[in-house]
Structures are given as C-alpha cells and as structure tokens.
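Chain IDs A, B, C and D follow the sequence of writing; residue 1 opens each chain.
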Amino acid sequence: MSGNDFFALTPLILLAGSSVLIMLLIAIKLSHRVIQLSSLLLFIVAFSSLIYIQKLLPYHIEPLLVIDGFSVFIMGLIIFSSLVVNILSYIYFEEKEESPKEYYVLLFLCTLGACVLAVSKHFVSLFLGLEILTVGLYALIAYLRVRHHNIEAGIKYLVLAAFSSAFLLFGMALIYLETGSMQFSMIAHSLTSLQSLSPLFLTGLGMMLVGVGFKLAVVPFHMWTADVYEGAPAPVTAFIATASKGGVFAVLFRFFIMIDGFRFKVVMLILICIAIASMIIGNLLAVQQKNVKRILAYSSIAHLGYLLVAFIPGSMMSIKALSFYLMAYFITTLTAFGIVTVLSNKETDAENIESYKALFWERPVLACIFSSALLSLAGIPLTVGFVGKFYILAAGLQSGFWITALILVISSVIGLYYYLRIITTMFAGQKSILPEEERANPVFYMVSIIALSVLSLLIIWFGVYPSGVMGSMEYFKLK
Amino acid sequence: MILIYVIGILMGGGLLSLLLGQWNKNLPRWIALCTVLVGFIAFVFFWINQYHTINLRLTNTWMIDYRHDWIPSFGISFHLAIDGLSLLLLVLTFFLGILAVLCSWNDVKERVGFYYFNLLWILAGISGVFMAVDLFLFYFFWEVMLIPMYFLIGIWGSENRVYAAYKFFIFTQASGLLMLLAIIGLYFIHGRNTGVYTFNYFELLGTAIPPHIAFWLMLGFMIAFVVKLPIVPFHTWLPDAHSEAPTAGSLILAGLLLKTGAYGILRFVLPLFPEAAHDLAPWAMLFGVIGIIYGAILSYSQTDLKRLIAYTSVSHMGFVILGIFAFNELALQGVVMQLVTHAISTGALFIMAGMLKERLHTRNINHMGGLWTQMPQMGAIGMLFAMASLGLPGLGNFIAEFLILLGAFKANVLLTIMATIGLVFSAIYSLRIVQKVFLGPSERSDYISDFSFREIVVMAALTLSIVWLGLYPQPVINTVKLMVNKLAHIFPPENKNVQQENYQEIPLSTHKYLVKK
Amino acid sequence: MKSSIEIVMLLAGLLFVLGIAGVIIRKNIIFMLLSVEVMLNASGLAFVAAGSRWAQPDGQVMFIFILAMAAAEVSIGLALILQIYHQHKSLDIDKLKEMKG
Amino acid sequence: MNNLLWLIPVLPFAGFLILALAGKHLSRVWVALIGAGSVSLSAIIVPIIGIGFLSHPPATGNYSQTLWTWMQVGDFNPKITLFLDALSLVFVFVITFIGALIHIYSAGFMASDKDYSRFFACMNLFVFSMLLLVLADNLLLLYLGWEGVGLCSYLLIGFWYENPVNGYAARKAFIITRIGDTAMAIGLFVIFYQFGTLAIPDILTKAPVLWHQGASIATITALLLLAGGVGKSAQLPLQTWLPDAMAGPSPVSALIHAATMVTAGVYLISRMHIIFQLSPIAQMIVAVIGAATLFIAGFSALTQYDIKRVLAYSTISQIGYMFLALGVGAWAAAIFHFMIHAFFKALLFLAAGAVIEALHHEHNIFKMGGLKNKLPVIFWTFLIGSASLAALPLISAGFYSKDQILWYAWAAEGGNPLLWFIGLLGAFITAVYTTRMMILVFWGEAKTEIGHRPGKLMTVPLIVLAFFSLFAGFIELPHNFGHFRLFSDLLQQVLPETILKAGMNTELQFQILALLSTLGGIYLAYVFYYKQPQRIEKLKQSRFVMNLYLFWFSGWGFDKLYNTLIVKPIVFMANVNKNDVVDKLYQGVTFITIRLYQSLSFTQSGSLRWYIMGLVIGAIIILSMQIML
C-alpha cells in the first residue's frame, strides 16, 4: 500500500480511528457531553477529509476499493447523516437509563461499515462493509437493552439480517463459482465472454438480490422494517433509514453498473416487480397506521421503491436522479426522525400519532419542520422531495418505463393520505394549557432544533433552487 | 418584472402576516388587504395601459415575457408571460382576492396570521398558474396552491372539514401527478425530435407527436384539468370542499381554482395537442352536457346551501367544457366570459351563504326561509345572483352561456340542444335557493341584521361587475380576442355548410402559435 | 474434479436449505441462531468449493471472514437472548410479538 | 323625435333604480310619485313620438337608435338598438298607457302594503323590460326583455312571499315560460347560423331570399320561436302557469298577466311574421294552437269560482283568439284584438281587484253578489269590460276586434270552417262565463259585507279604461260597416295585409252568427244563474256532468299530467340521487384501499418466524422467476 492509498482512505481510517479514540475517552471516564462533542468533532473531521481527498479522484485500491466521485458523494451523505444522528443522540440518550457513551463507538463503526460499502468493488469488501454495519446495528438497535421493544427489535433484526446475509453470501459464492472472480469488473469481464447466462449465475444473482433486498427493505423482504424502526431508539432508526440503506444502495448500483446488469431482462423484470410491489404495499401499509415510526418505516419501503424506479433504466439520468433522490431522502428522513427524537421523552418515543396533536399550536417551529419533511416525503413542490420525485420520473420516462412511473404516481397518492394525516393531526385541536415540560438539557435541545431547522431549510432551498446542488452533483458522478 | 414582483409581494405579504400575526391579531388582515390591493391596482393599471394596444397586436399576443434560468440542466426556466387571457384572469384573481380578504375580516378569529398566510399563498399559486409558460413551473405553481388551500379547508372549515380537505387534496394531487407524467413525456418527445430539451411552452408548441402517444399525453393533461374544473364524474371532491371550506375558501375555490382547470385546457391542451383534442371533442362535449344536467339535478336535491351552490358550479363548468371543445371563436369567448362571470356570481352566492351561516349558524336551507322580511337587501342581492346563475339576460352569465351555446351549436347541434335544456334546470335550482332562503314564511323571531357596511362594499362590487359584464362585456372580449382567435384557428372548421366566416385558415403543420423571444 | 465440486456445492445447498428449514421450524431462539449458523457455513462451504474450482485462495479467505462474522453475530445474539430470557422468562420466539400492525 | 326614443324605456328603469336603491328611505308619496310618475312620463313621451312618427313617416318606415354595441365577437355583434315601427308603436302605446293607469291605480290599491316601494320597483322594472322587448332591434335584446319580463312576473306573482303558495305559483310561471324560452334560444341559434345576424330587420329581409316557401328550416325556426311565444303567452301546451299566476296582486295580473307580458308571444310572431309566412305548416300550427287554447280555456273559465281565475282563463282564451288570427294570416286583426283586449282585460282585473279589496280579499264569486248598487263605479266599469269581453255587438270594442278574427278564421287564406266554428263556440262560451261572473258578483243578494271602498286613485283609471273599452273599437270598423281602417292602415307598413280567400264577401252573415252566439251565451247564463239557478243544482247531480265540471275546473287535467309525467320523476330522481351516486365510486376506492391496508397490516403480525417465511417465499419467487423466465 502506498502513501496515496492511505491518503485516499483517510475518511475510512478516520472513522475507524475515531471509534478507537472514543473508546479510549470512555476509558478515562469522560462525561457524556465531552464524548458527544468529541465524536461530533470527529465526524466533522471525517466529513471534511472527504473534501480533502477529492483531488485524487478517482482512485482505485486494487482489488477491493474504488474511491470515485460517486462513492465520495455517498460517503458524504452517510457521514453527514451520522453527524446529524450524533447531534440528535445527546438529548435522546442523556435522559435514558443506559450509559450512552459506547453508543458513539458503535455509531462510528456503523458509519465506517456503510462507507466501506460505498467504496467497495469486490465481494469481500462488500461483505466486510455490510457486516461491520450490520453487527454494529444489532447492538445499536438493542441499545436500551432493558426495554422490551428494543430487545425484540434487536433479535428480529439479528436473525433476519444473518439469515439474509447467508443468502447474500451463498449468492456471491455461486457467482464466484461461475465467473471465477469476486471483483465486479472481472465478473463483468467474464460475463461478456459468456454466450448466455447460466442458471447458476442467475440463481446467485437472485440470492444476492434477496440479501440486498432485505437490507434495503423492499417488498417482499420488508416485513422487519416496521418492527425494527419502532423498536430501535429514534436516532438509531434515523441511521437505519438513511446511512445503512444508502450504503447498500450504492454498492448495489455500482455492482449493476459494472456488470451492466441492466442487460438482463429477467433481473430487470424482477426489479420492476419489486419496485412496483414496494411502492404499492409500502404505501398501503401506512394508510391507517397510528404509530409515526411505523408510518415512516412503511414510507421508507415505498421510497426505496421510488429509488428503484430511477435505478431500473440504468441510464446517465438514473445516476443523477438516484444521487439527487438519495440526498433528498436522507435530508428529509433525518428531519422527520429528528422531530421524533426531539419530541421523545424519557419513557417513550414520540411514536403515537396522538402525541402530535395540536403540535402546531404548541410548538410551531417543530411542527413546521416536521410538515416540511412530510411534504417533502410526499413530493409536494417547494420541497426537495418534489424535485427528487420529478427527477425520478424523468429518469424513468426517458427510457420509457411508463408502468413504473405510473405506479409511482398512483401509489404516491396513497402516500399523500398518511402524510396529510400526520399534518392534519398536528393542526388539529387546541393549544393545551399544560406548561411545557422542562428539558433536561436546554442547550442541546436548542442545538438539535437548530440542526433540524437547517435541515428543513435545506429541504426548501433545494426544492426551490435545485440547480445549484444539481450542478455540484455533476462533479460526483459515477465514472 | 411586474409579474415576479406580484408573486413576490403575495408570498412576502403572506410571510409577513404569518410573522406579525403572532403579535397583533389585526395586523395580518390589513397586510393581506394591502397586498391584494396593490396587486389589483397594478394589474388594472396595466390592463388599462395595454387595452388600446391589445387590438393592434397582430402576431404577438404576449404582453410581458419574463425569463430567468432556474434548473438549466433540465431546460427549466422561471418563465412568466401573460397574454389577454392571463391578464384577465389575474385581474379576476386579485379582485376576488380583495373580496376574500374582506369577507374573512371578522369571520376568522383564530390563528389569524396563518390564515392570511394561506390565503395569500393560494393567490400566489393561482397567479403563478396564470402566468407560467414553462411547463415545469406551471406544474410547480399548480401544486403550490394546493397545500395552503388544504390548510384553509382543514383548519378553518366547518364540521366535516378534514374529510373534505383530504378529498380535495388527493383528487387534485392525483390528477396533477398524471399531468406531471404527461409533461415529462412531452419533454422527452420534444427533446428527441429536436435535440433541445426544454420545458418552455413556446418551444414545445407544435411538437410533432405520434397520434397515439399524443392522445395519452393529452389525457394526462386533461385529467388534471377536468378534475379541477370539474367534469362529471370527477366532481365529487367539489361539493365537499366547497361546503366545508370557510367563506373565503369557497370563494377562491369556486372563483379561481376551478378556473385554473379551464385555463389549463385553453392554454395547454388545445395548442399542444390540437389533433388529439379534436378527436376528443365529441366526448368532451358530451361530458360537458352530462355535467350541466347532472349537476343541476343534484343541485336541486341538496339541502345544504353551500353544497347546493357547489353543484351549480358543476353545472356551470359543464358549459365551459362544452364551449372549449366547440373550437370556435364564439364559444371560446363565451368560455372566457363564463370563467369571469361564474367566478363573480357563484362567488357572491358563496359569500352570501357565508353571511347566512354567520347569522343563522346553519347551512340547511330547510331551517331558513322568510329572511327577506329581516334582510331585504340581502334578499334582493341574493335574488340578483340567483338570476345571474340561471342566466338572466342583462347579467354577465347570460352573455357567457349564450355565446357558448351559440358557438357550440355550430359544432354539435344535438348536444347543444341538450345543454340548452340545462337552462331550464338552472332556473329550477336557482329559484329554489331564493324560495327556500328568502321567501316563504319567516320562522325566526330573533333579530337578524342585514348587510353591514363592509358587506355592502363587497356585494356592491360584485353586483356592479356582473351587471357591467352583462351589458358591456366588450372590454373582456377585446382583451382575449387575439388569444381566442388564434386558438380557434388551430382547428379546421367543422362544418363547411354552416361556416359563414371567411377566416384564413392556418394549416396545422405550419402554425406558429407564438413568436419566440 | 468438476463433479466433486458439484457434489460439494450440492452439499452446501443442502445445508443451506436445512438451515432455512431449521430457522422456520424452530421456535427456540437459540436453535434459530444455530440454524442461521448452518446457513452461513453452507455459504462458506460454497465459497471454498468455488475457490477450489478456480484454484484461488479467495474462497477460503472468504470463509474465514464468514466465520469471524458469524462469531461476532452469535456473541451479540447470545447477549440478546440472555436479555430476552431475563425479560420474558422464555426463549420461545413466538412470545416476542409485541410490535405488529 | 327619434332621439327621444331611449327615454321611453329609460324612464321606468330610472324609477326602478331609485326605488330599488333608496326605496326604503323614501316616503310613500314619493315612492308612488316616482313609480307611477316615471311610467306616466313615458306614456306622455310615447304620443309625442308617435305623432311625429305618424305625421312625418320616416323613409325607412322606422325609427332606430343605437345606444351602444352590446358585444362584438367575430360576426356576432348584437347592438343595444331601439327600433320603433308601427307595430312596436302600438305595443309601446299600450304598455305605457295602460301601464301608467295601472301604476296610478296601484298607488291606491297597494297603499296599505308594507312593501310599497318594492312593488313599484318591480312594476317599473317590468315596464322597462316590456318596452325593451318591443323596442328591441335584434332578437338578443328582445330576449333580454323577454326574460326580464319573466323575472318581473316571477317577482310580482310571488310578491306576497310569506305564503309559500305564491312562491310556488311564481316559480311555476317562471319555469314553464323558461321552457318556451329555451326553445326560443335554440331558435335564435338557428337564425344566427342561417342569416349570420340576429338583427330583426336583416333577418326579415334575408329570410325570403335565402329560404324558399315551405322550407323545412323555416318550419323548424318558426316552431322554435312559436314555442317561446306559447310559453310566454300561456298557450297550449304551456298554459298551466297563468291561472296560478293570479296569486299576485291584482294590478300585476292586470298589467302583466292580461295586458302586456302574456301578449309577448303575439308580438314575437307578428314581428317575425315573414318566417311564419314562409312556413304554412307552422302558421297552421299557430292557428290550431290558438283555436284549441281558446276552446279549452273557455270551458275552464266556465267552471272557476275564483274571480281572478275566471279572468285568467279568459285571458288564455282571448290570447288564443290572437293566435288564431295570427295563424290564419290576419296579422292586423290579431294586433287589434291585442290592443282592445289589453284595455278591457286590464279594466276587468283592476275592477276585480277593487271588488276583492272591498270584500276583505274574498276571491270566491259565489260569496259575492249584490254589489250592483253598493259599488256603482265598479259595477259600471266592470259591466263595460264584461261587455267588451263578451263582444257585445256594436257598442263594445271587443265586438269589433273579435268579430274580425272570426271572419278571418273562415275567410282568410289560412282559415277554414273548423277554426271558425271553434272560434264561434269560444265566443259563445265567453259570453256565458262573462255573464255568469257578472250575475254572481253584482246581482243577487250580498253575501259578504263591504269594507274598504275604492278611492279616486283607483276609480279614475277604471273609468279611463272603460272609456277605451267602449270606444277604441271604432278606429277599425268592418268593411260592411263603415270600412274604417285606421288601425290596419297603420300596421300595413309592417304587417302584410290579410289575404282573403276567393269569393268571400259576405261578412254580414258571419257577423250575425257571432252576434247570435254572444246573445245566446248571455241568455243561457241569464237563465242558469239568474232566473233558474236550481237548474244548475239539478245538473250537478249527474255524475257525468260533475266529472266534466271537475275536469274543466282543473284546467283539463294538464297540471296533473305534467306532474306525473315530468315533475315527479325528476324530483324523485333528484332526491334518490341526493348523495351523488358517482361519489360511491370513490368511496368504493377508499373502501378497497382500507381493506387492502387491513389485510396487508395483518401480514405484519410481529412474528419473526412469519417474517422469515415471507423472506423465504420472496426468495423462492425471485429464484423461480430467475430460472423460469
């Protein structure tokens, strides 16, 4: 490994090192606040290192990793969302019974795993990244270990994730058996020499899809989503919804681009079916759901379906649309779960829709932020979600995928209903006379709110003026 | 620049009243009033200034054309332009905007700042719709007006407001998204044909589209517009939304929101897909006629006053679709007139329904009756607008309906006759309103006040407008003349035997609807 | 040689299916974890077989990674199972149905 | 004089505006002054213009004054133009003159009403609309007046709005006439596309050029216009609204439902006479409708007990005569009868109003009686009016006008003996019911005490009208009886001369027959109602006669027919569909969505093993798709 290799890997090394550093800080018994702040600092450092390494791009570390514009972009999104999760975590965990400190170590590790996914171009690195992410998540989900829901979510996720990992691995093994390589580019190379695809390869691809589909929580591998989202602590849910899915999606996309999987009609047909099913079933499941975390879980299923709509054409436009939509989805989802986090109290998360009643009249700022996030999820103009959805539709229609686009439209109408339901709840009722409860830590509470406000401003800013961010995204395109 | 300023003023005024509403409950309504007044005066002055040149314009129907890049990578620009039709509808928007502010003056007591914020943003969205000549921007504004309207119905509406708000939002959003699909489809077809990827309306005009695709794309546009308009069987959101919305909400819904549908058809469907629209015409006219009669019959059976008026809108909007798809100058002029006069007459009826609700705390007409004794002024005005609604000559609606029917007669005799029969039904329901509300024995002994000064101002403005339009509609006709003429000429004349005009026909393939900037 | 790989792959597939069956049939969480381990190991076996087909060490490397990962997983899994037993006094997975809908 | 034309309609309109805007602030005197004064001023201006028109006939044969262009859309450019020729002059004269008298009468009649100013406002608006109707230069403006009078009729029938019955009658009137108006509107469309214009003079000059005699398009157009006229003039089959319209105050019945508005159909047909002439079939239909109506309405009038309903049916019947005349081509005769009828019927209604008011709002003629001596002015004027209605020979104006029609019904080109016979029978019945009414109201013993006696404001108009009812007939005398043709000479400028069939010159025997039928009718009524009233009782015992009586009384069952055939089904449908069946569709979609949610939500059972099953099934599906496809 050359010096440049290390240089290119700075963000990953920083993340890995940070986890060790935080562990050391915990060892010398620093307070939660110090640890939180230092991890925040370390996230910022990791994030800025992304800017720093850009002059190297694209950089290949054979045979495992590739650091190009796309992976930097995805890593940026992942680290950014971890950063936001980190900010939100303080007030959430400060008042909980568990010692919150190790949480940050795990957060770094999970971020590292997601980032590794984003840069991998090899089954081994894919597997490693995925498992670093997943194993970390097991612990994060069940972090509040004395709570029934956390434990239940943890064990469900663990069994299912391991189960799907087995599928993924078996699929990889089959592909490896067929092509003799675990490197994406080599697989692609050996595929070009093949006349027709062997059933073994197809089976392998299918099993990989099962594994990846589980991580992405698309139909029919979606059933864990709601339970895990509900059971996990709110900031962790935010992380699952964003960083973990982003990393997996990035690697899936890279894999398909590199082996040019879009040629395989059958695979595409399966993906189309998955996309359609995800959009419809995801949205339908949320229609009368009362639990906000579950609603967001189901909506994330639908949104992954939307992403697949842009994914399926595999065109240049797809890449842009996916990047943009991922960004939109990250910002919006973080904001939404941020609100859930901020509104949670010591005993329970703010997951019952009733607890949002009259929010607009009691805490207008939070309600506005939440509304902007929900409207963005619903894809209403003036929000980034609309531009993202437009982008996806454009990508789909450019290549003539009318069916998926149509289903997207119809299902998002169903989606509209439950987003509106939350908004309506927030506007319903009267201001209660109860005094606002005392916050354990007003400073961090304010910081969280400011962070969320910034996010919601981003939602609107990118929604009104997307060309700026679109222009800069040109830079991060996949080669 | 006036265009962008106006939208800016509306949005700014909305934000201002939202913010200042926290401190002072009176301030927002004054801010809102000033905002819409400024817009109204600006456009009226502009209209007067332009009026004498409107007739001189020969080719370029566009009076203002403002363009600024927005999302260049998609060929999306912030492109606003107005021609006579837009100008007219903008004046109408601000006129009704003033009335909407005035009639919610004392009506709204809670969350005042947020109320006027929503009101002004609806107006901003509607103005944007009337100005946008970039399809993406058009869709953008199309959706922008929905959210504040949703809040307006959902927060300040009456008992069943949440249901009505959902229904309104989901209907319009669903149909709007289909239009978005069609817009994007058109964008790519044009891009493939010419290599220029743009959402610019002027460039998209005359795109050569394979007929079967054109039909589907047109349907995508149409569905959005006919849901808004609305046409039977897409109308069921309307009675709920209208009856549950607060007075100003009903006024804007009936007066402006419905008009955006008709505007969309006139502006986009006909020029972009002339052949497809031509193929659709008999069906569209049929649905128009069904709407006229179906709406009227439903209206007759309602007992909720606002619901009743809402169904009359369905009936009246049937005339609009009938006229649009008659494709001739008379009918199209009638359509424009109908847009304006229906806004005024139905708006007035809704305002009055609001006033009655305020005084009687009911919308059920079976609990009214004999109100003339206590409220002769309101009775007289109510009578006047009921008459307008049934198309009494001398009032604006008559001109509109007569022109539409006259024009449609050329296109399709049978359907026009059926539509004319709708006039009998309109008499039946209109007189029923008057009878049930104002006439008959009075059941109330408590004191009910007649118009207040503010209400007199509102109703006087409406009355004067409807009478003016009934007796001298020429300014409206002249303003949209050029636009209507060009629209009428896109279509080959249907029936050569009856054809008396000696217009120069412009061949479809070479028609250049507009002059590019 | 080819046939031996096929046989090994067949074995791996069989193990994999057995694992699946175990996960589905078993109600005890520990046994479920065990079955998952079987599936993972079946994948590992498949990797070893594939590696031997191409005479590469990659398959074996992958197997070691899988082992490590499985170990980590089991450790967390057992910790969770302890907690479950602590809370529910049972290892029956069907008792963990608090979240649904 | 030409430029004063606009004043005629504008004065009443100004009166309307003042009363409508400031009515509640004005004293009753001012209200009456403005209301009656504005119309009276018009009535004064009309003769001034009329004399100018007659003494210096304009070269074009008409005065025309364009106020402004109403609208201009392509070729469609109706103008707000007033147009006065001999025909409209007659109408304008009748409207303003009788209108002014009725306004003056109303000032007394309505004196105690709380909505004094509203009444005059509506009356003024009516006069304005009616003037616009007859002065309109184009059919669209005519249509404006046409609908305007309909509105005023509606407002005034339902003037006493507290009683829902009045409101019902008002709506019935409006909606039924609206049916005719709708057909007329379609007629306007046809005319516009045929001639490219709606201006009446242009249409009349172009029609004979573009259409040949008997063209089917002419028939269609004529019939559509006729439908409008039938509605407004309460002719078969749209006659049912007029008897109910009597719910309005008596001056309203006099002005709107006797003298002016209901004759708008006559005006329209004579105005568009060229189109009717081009279609003999249509003209025949006009005559048949007229004959049938006069016949049916006459029998109904015979059975009514409400004095105003008697008069209403008689109005329908008399307008039937006018239609008959129009149908047989006796244009001038129709207009002549219109004018005479306006005088005597207005008189009768006003006098009836005075009677009703004097008898504490008693409408039933069987509860009246013996008023001959108690209300002498009313008695004499009513008698003159009745004589005119019954066409009492020689001395009454009604004789001259009706006799002319009867003669033409046989002798004119479009006439035939059957029409004549029906007309004659009608004249007979007219005499019967008129005499019956006279006898029941004024002779016999008094059954109700007299309350309020009419004042000068009410009696003077009666006397003036009585004068005209007697003597107006002398401006047009039969040719075997002086052959004085002032009226038809005047109308000759506009309307074609009545063409007689060959070899018809024995008018005298027809006159004698008419005379006999009138006298016979009077005698019959005299016998049955005065001399031997017991005969009626005897007749009533017969089941057949009783049924016939009820049948006639209900206006030949038309109301019932329309109710069961049209009104009830529509109302039933509307009420059944109150909640909008289309909405069920969307409710169905919602229902399906919710059911889908419920069943999908069921799959989220929370059971890990179930989830694993799902995962496995998903995997199987994907793998089998991979392999199969």
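Assume a contact is a pair of C-beta atoms (placed from the backbone, for glycine too) under 8 Å apart; a residue touches a chain by one contact, two chains touch by 3 or more.
The model shown is predicted, which means the values in this text are computed figures rather than measured ones.
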A-B or B-D, whichever has more C-beta pairs in contact: B-D
Chain with the smallest distance from its CA centroid to the overall CA centroid? B
Return the distance between the CA-based centres of chain A and chain B, expressed in whole Å. 43
Cα-centroid distance, chain B relative to chain D, in whole angstrom: 38
Find the geometric centre of each of chain B and chain C from their Cα atoms only, then give the gap between the two centres in Å, rounded to an integer. 65
Between chain A and chain C, what's the gap in Å when you average each chain's C-alpha atoms? 26
Touching two or more other chains, which residues of chain D qualify? 601, 604, 606, 608, 612
Multi-partner residues of chain A (each touching 2 or more other chains): 155-156, 159, 163, 167, 226-227, 289
Provide the list of chain B residues touching at least two other chains, using ranges where the numbers run on. none
A full list of chain pairs that touch reads A-B, A-C, A-D, B-D, C-D
For a test of understanding, state which residues of chain D touch chain A in their complex under the given definition. 593-594, 596-598, 600-601, 603-604, 606, 608, 610-612, 614-615, 617-619, 621-623, 625-627, 629
State the interface residues of chain A toward chain B in the complex, per the touch definition above. 361, 375, 380-382, 386-387, 390, 393-394, 397-398, 402, 405-406, 409-410, 412-413, 416-417, 420, 424, 427-428, 465-467, 470-471, 474
Listed in rising order, chain D residues that touch chain B in their complex are 20, 24, 68-76, 80, 118, 140, 143-144, 146-148, 151, 154-155, 158, 161-164, 167, 170-171, 174-175, 178-179, 181-182, 185-186, 188-190, 192-193, 196, 570-571, 573-575, 577-578, 580, 582-583, 585-586
Give the list of chain A residues in touch with chain C in this complex. 123-124, 127-128, 131, 135, 138-139, 142, 145-146, 148-149, 151-156, 158-159, 162-163, 165-167, 169-170, 172-174, 176-177, 180-182, 226-227, 230-231, 289-291, 294
Given the complex with chain A, which residues does chain B contribute to the contact? 69-74, 111, 136, 139-141, 143-144, 146-147, 150-151, 154-155, 162, 165-166, 169-170, 173-174, 177-178, 180-181, 184-185, 187-188
